[in-house]
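After this come two complexes, each holding chain A, first together with chain B and then together with chain C.
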Partner chain A sequence: MITLQSSDKDVFEIEQSILIQSGTIKNMVEDDFTFIPLPSVDTETLIKIIEYMKKHADKTDSKEKNIKEFDKDFMKKTLNELFALVFAANYLHISSLLELLYPSIADRIKDKITEAIRQIFSIRCDFTPEEERRIIMDNKWAHEGTEIEGTLD
Partner chain B sequence: MKRHQCKLFVCEEIIINILNRLPLKSLARLQCISKEWRKYIAEIYHCRLQWPQPYLICFFCVEKRLQSRFFFSSKESSLVIGTSLDESVSLIGERVYVVASSSGFLLCNKLKSRQRIYYVYNPATRQRFDVPKTRILMNDPRVGFMVKETNESVSFTIVRYGVHRAYFHDLYSSVTIEIFSSETNIWTANKLTVDERLLFYPYRDETSSSSACVVDRVFCWLCNYPQQVTVYDSVKKCFWALGLPDWTWFLYPGYSCLGLSGGELCFASNGGTAISCWRINNFPSRNPVWVWKYDIDVATVVQKCREDFGLGGGNAPGFKVRNMVFHPALPDILYLQIRSKVISYDMKTSSAELVHDFGEAWRKTVHYKLFSYEWPQWPHLQ
Partner chain C sequence: MASNQNDAVPLHSINDNLGDDELRAVLTRLENQKDKEVFGLVCKRWLYIQSTERKKLCVRAGPHMLGRIAARFIRLRELDLSQSVSRSFYPGVTDSDLEVIATSFSCLRILNLHSCKGITDKGLAAIGSNLSSLRSLDVSYCRKITDKGLLAVAEGCRDLRTLHLAGCRFASDSLMKALSNNCRNVEELGLQGCTNITNAGLSVLVKGCRKIKHLDVNKCSSIDDIGISCVSEACSLTLKTLKLLDCYKVGDDSILSLANYCKGLETLVIGGCRNISDESMKSLAAACSGSLKKLRMDWCLNITDSSLDCILSKCRKLEVLDIGCCEEVTDAAFQQLGSENFMLGLKILKVSNCPKITIEGLKKLLKSCEYLEYLDVRSCPLITKAGCEEAGIQFPESWKINFTGNLAEPDVLH
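For the complex of A and B:
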């Protein structure tokens, strides 16, 4: 059994066999660590990560359909939650979860207006208004269409 | 309490991984986010353009309903294409039907304009060109359409011709040919006397293909009677005829097709029990030679499709094929419309794959026209 500690100091005891899906944890376990602090992962996110790993630990054929359903539902979260998951999965090197998260996030943001994207990713625009207008004009075809929306989620 | 919180720092690796999953159009749009994003996007976009392009087969229903439909014949298309193109064609805003396609552009005719008003439209990028009205009224002209796209611009040529004959057995035909070039933006018309036994009887029914295959500025049409390929060389400005390798009962879309595949002119002839496929590889020289490639046993294909794809039973399997179209790039693949389903048949491996199901009673699909529509190159990132 391995003990994980979240940034909020909550502890979770999980079987090693489940946790080795995380490359980071696997390395630490191989170095004989049994207590692993995770200062960059909060409790809420850690609970979800553990839920994911538990579901994916048992990969028998009969469970495959279940796992697919689970994955689909698992992605039905707010964008904030998805980002928290992607940071954690990135830090923990859980590649299967990342492969699930990247396209889901991409799908969520693909039709958002630029202002919404900047807010979500916390980006400051370093183009002058003139430059920005120029880029938009040069790629007019990409800005046409009715799908573009402005929500932050 | 969790108000919407801005991420403090999304590391480069994560951003790039997310951008990598966006379709091309979104990528092009998000270039203006910041200089850093523009840099990432330029690289991803550039790599994406190197991917093998998916090919689309396009369906147009002629006559009454005039609905245009697109569907993908390749599975990796979503990251390149992103959204459905079906609605895009209705954005033309006019009641049109599609006549031809080239390099991702469609040539459309305005309904009820007596085939005198054309539009050129790219459903992916939504570029549109309104072509000035033709100078000449033609009765059901044959049309050819060729697009040349460079980094800076798009130019296209439209060729249309009609035949006049005074008498049925008249050996000398005069042809009026009208050509539009986007560079000059005008139609130029010419009347040519053709003294070969060429355009004897331009019999066409509504379902035969009126659009040309274009190779190197040479336009080719499959001609019903006499059975031949009518060729117009737009450089030398002359017509000539190319014999067919095989004789068929009718040059009806389900019985024969002429197509351009991988740069080679291909011909398929459906004799009822077998479809024979031929190819020319020294076109457009004046003495090209048809090389026989494959014979497809239609009964076997239909039988297999009945099991795999639930096609109906009945006799005379060869005559169930309503349309045939060659894949624009892979000459070993033939698309067959069998009843209300479209199958791609790989002649090399003898394997069939269901590509599209109209989901309608097959008699409703009788007037559907099949076009092979090559996926366009996206505009370069500016």
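For the complex of A and C:
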């Protein structure tokens, strides 16, 4: 059993076999650590991470479908929770979780207009109206080359 | 733009919580161009991430926009400004544009200026002075360019791997020397129609550039066996493609030299090299039996069944063959094909204007060419659509057969 300590000083005892999904923890375990402090991860987030790893530890065929369902539900969180998870998953090197998180966050940006995105993410626009206009004009004629469309300057 | 300037923003904003790398990772999950543009409009930090994510850009706009692109997409690696019938604008790319590009995109590796007819040596000089990381440059059909500008590029862009100069009539042997001295990593050189290039130029070129994989000297009509022998010997380990269209002075010695040195040859274009005869082609077929994929030898008037038979039986990787106007070729060339278990991977076959080939030859082809996609039998008086139907020949659905010239040709051998 390995003991993890969150930034809020809460401790969790988890089986090693589950935790090695985290590259970071795996390395520490190989160096014979049994008590692992995680100052960058708060309790709330750590609980979710542990939940994820527990579910993904047992990857037998019959559980595949269950895992997919779980992942879908797992992503139904607020943006702030998702960001916290990204940070933690990054730090803990859990690439499968990151591969879930990035598209989920991207999904919240897809097909939205800029102002909507700013509101969702609570970002203040720091462009002047003139700057914004220029960028929109630029976008009309510089593209990646996959489509030929639009007017010429 | 490492840190953000948003003081008035509530505590848990994305800009605080996500680092640049994470934000970039999210951006790359956006597939739609429109979504990416919207991303870039959110705030300055997101614009920076979106702009620096861009490695490639195709620009179709007026030159005065370039300064703005330059300021925004600073990590650009590939810039495509090529002109064509479907993509062109007036007045087109100018030398001053090139000056902006050269000074702004320091990471640029690939620059495509195909048919940008307005540029001159001045623009090239700017490229040579600034874009030291440049690996690939295409100035085909930029007809105003001369050695002066090209030398500047050779001397400044020493990591050049690919250079396309088709139609640049003023390019000469001095450029070959400059490449030899400065650009030792050159792999692909397109000199179609550069009629001022001579044997001496090729000879000095391969003294320094010994890693050439693809060489196109189509229509450089002064080239003969001397130049080609230098090339084959120097680049024997790397040469994969050699194009000698209408280099009518090239003869058997070149082919023998290739057979001797370039056993990895995959594509050979010797259309119009009418001095080439059977013996050398047989040697080539034997030497490159494991590698030859594309062979164009239309108008090689001395070629007969004996070498063709050899080619077909030995070069089992052959996919494209053009023997148009090889008047001596008869059905006997295909005699191996009719036999059991003799399968060819041929995809494109052109036998136009071969008056001695008949429907019998065609039948043998049918048996052995399972993968054929395009067959050109124009101007073969003994092969007509009606004749084939009469003989009861059933062509597979997938074959495109050009009897009278109403089909578009696949652009594989140009």
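Keep this in mind: the second predicted complex is superposed on the first by the 120 of 153 C-alpha atoms of A that agree within 3 Å, B and C clash if a C-alpha of one lies under 4 Å from a C-alpha of the other, contacts with A are read in each partner's own complex, and residues count from 1 in each chain.
The rule we apply is simple: a residue touches a chain if its C-beta (ideal position, glycine included) is under 8 Å from a C-beta of that chain, and two chains touch if they have at least 3 such contacts.
Worth saying up front: this structure is predicted, and the values here are computed from it rather than measured.
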| item | value |
| --- | --- |
| Partner chain in contact with A:A106 - chain B first, chain C second, else both or neither | both |
| Partner chain(s) touched by A:V86 [first = chain B, second = chain C, both, neither] | both |
| Chain B versus chain C as contact partner of A:I20, first or second or both or neither | neither |
| Which superposed partner A:A57 touches (first chain B, second chain C, both, neither) | neither |
| Chain B versus chain C as contact partner of A:M28, first or second or both or neither | neither |
| First, second, both or neither for A:I47, with chain B first and chain C second | neither |
| Touched partner set for A:F121, first chain B, second chain C, both or neither | both |
| Set of chain A residues, in rising order, touched by both chain B and chain C | 80, 83, 86-87, 90, 98, 102-103, 105-106, 109-111, 114, 117-118, 121-127, 132, 135-136, 138-139, 141-145, 147-148, 152-153 |
| Chain A residues touching chain B - in the complex, by the definition given at the top | 80, 83, 86-87, 90, 98, 102-103, 105-107, 109-111, 114, 117-127, 132, 135-136, 138-139, 141-145, 147-148, 152-153 |
| Chain C-facing residues of chain A, complex | 79-80, 83-84, 86-87, 90, 98, 102-103, 105-106, 109-114, 117-118, 121-127, 132, 134-136, 138-139, 141-148, 152-153 |
| Complex contact set, residues of chain C against chain A | 5-6, 8-10, 12-15, 17-18, 22, 25-30, 32-33, 35, 37-44, 46-47, 54, 56-62, 65, 68-69, 72-73, 80, 86-87, 89 |
| Complex contact set, residues of chain B against chain A | 2, 4-11, 13-15, 17-23, 25-26, 28-38, 82-83, 125-127, 379, 381-382 |
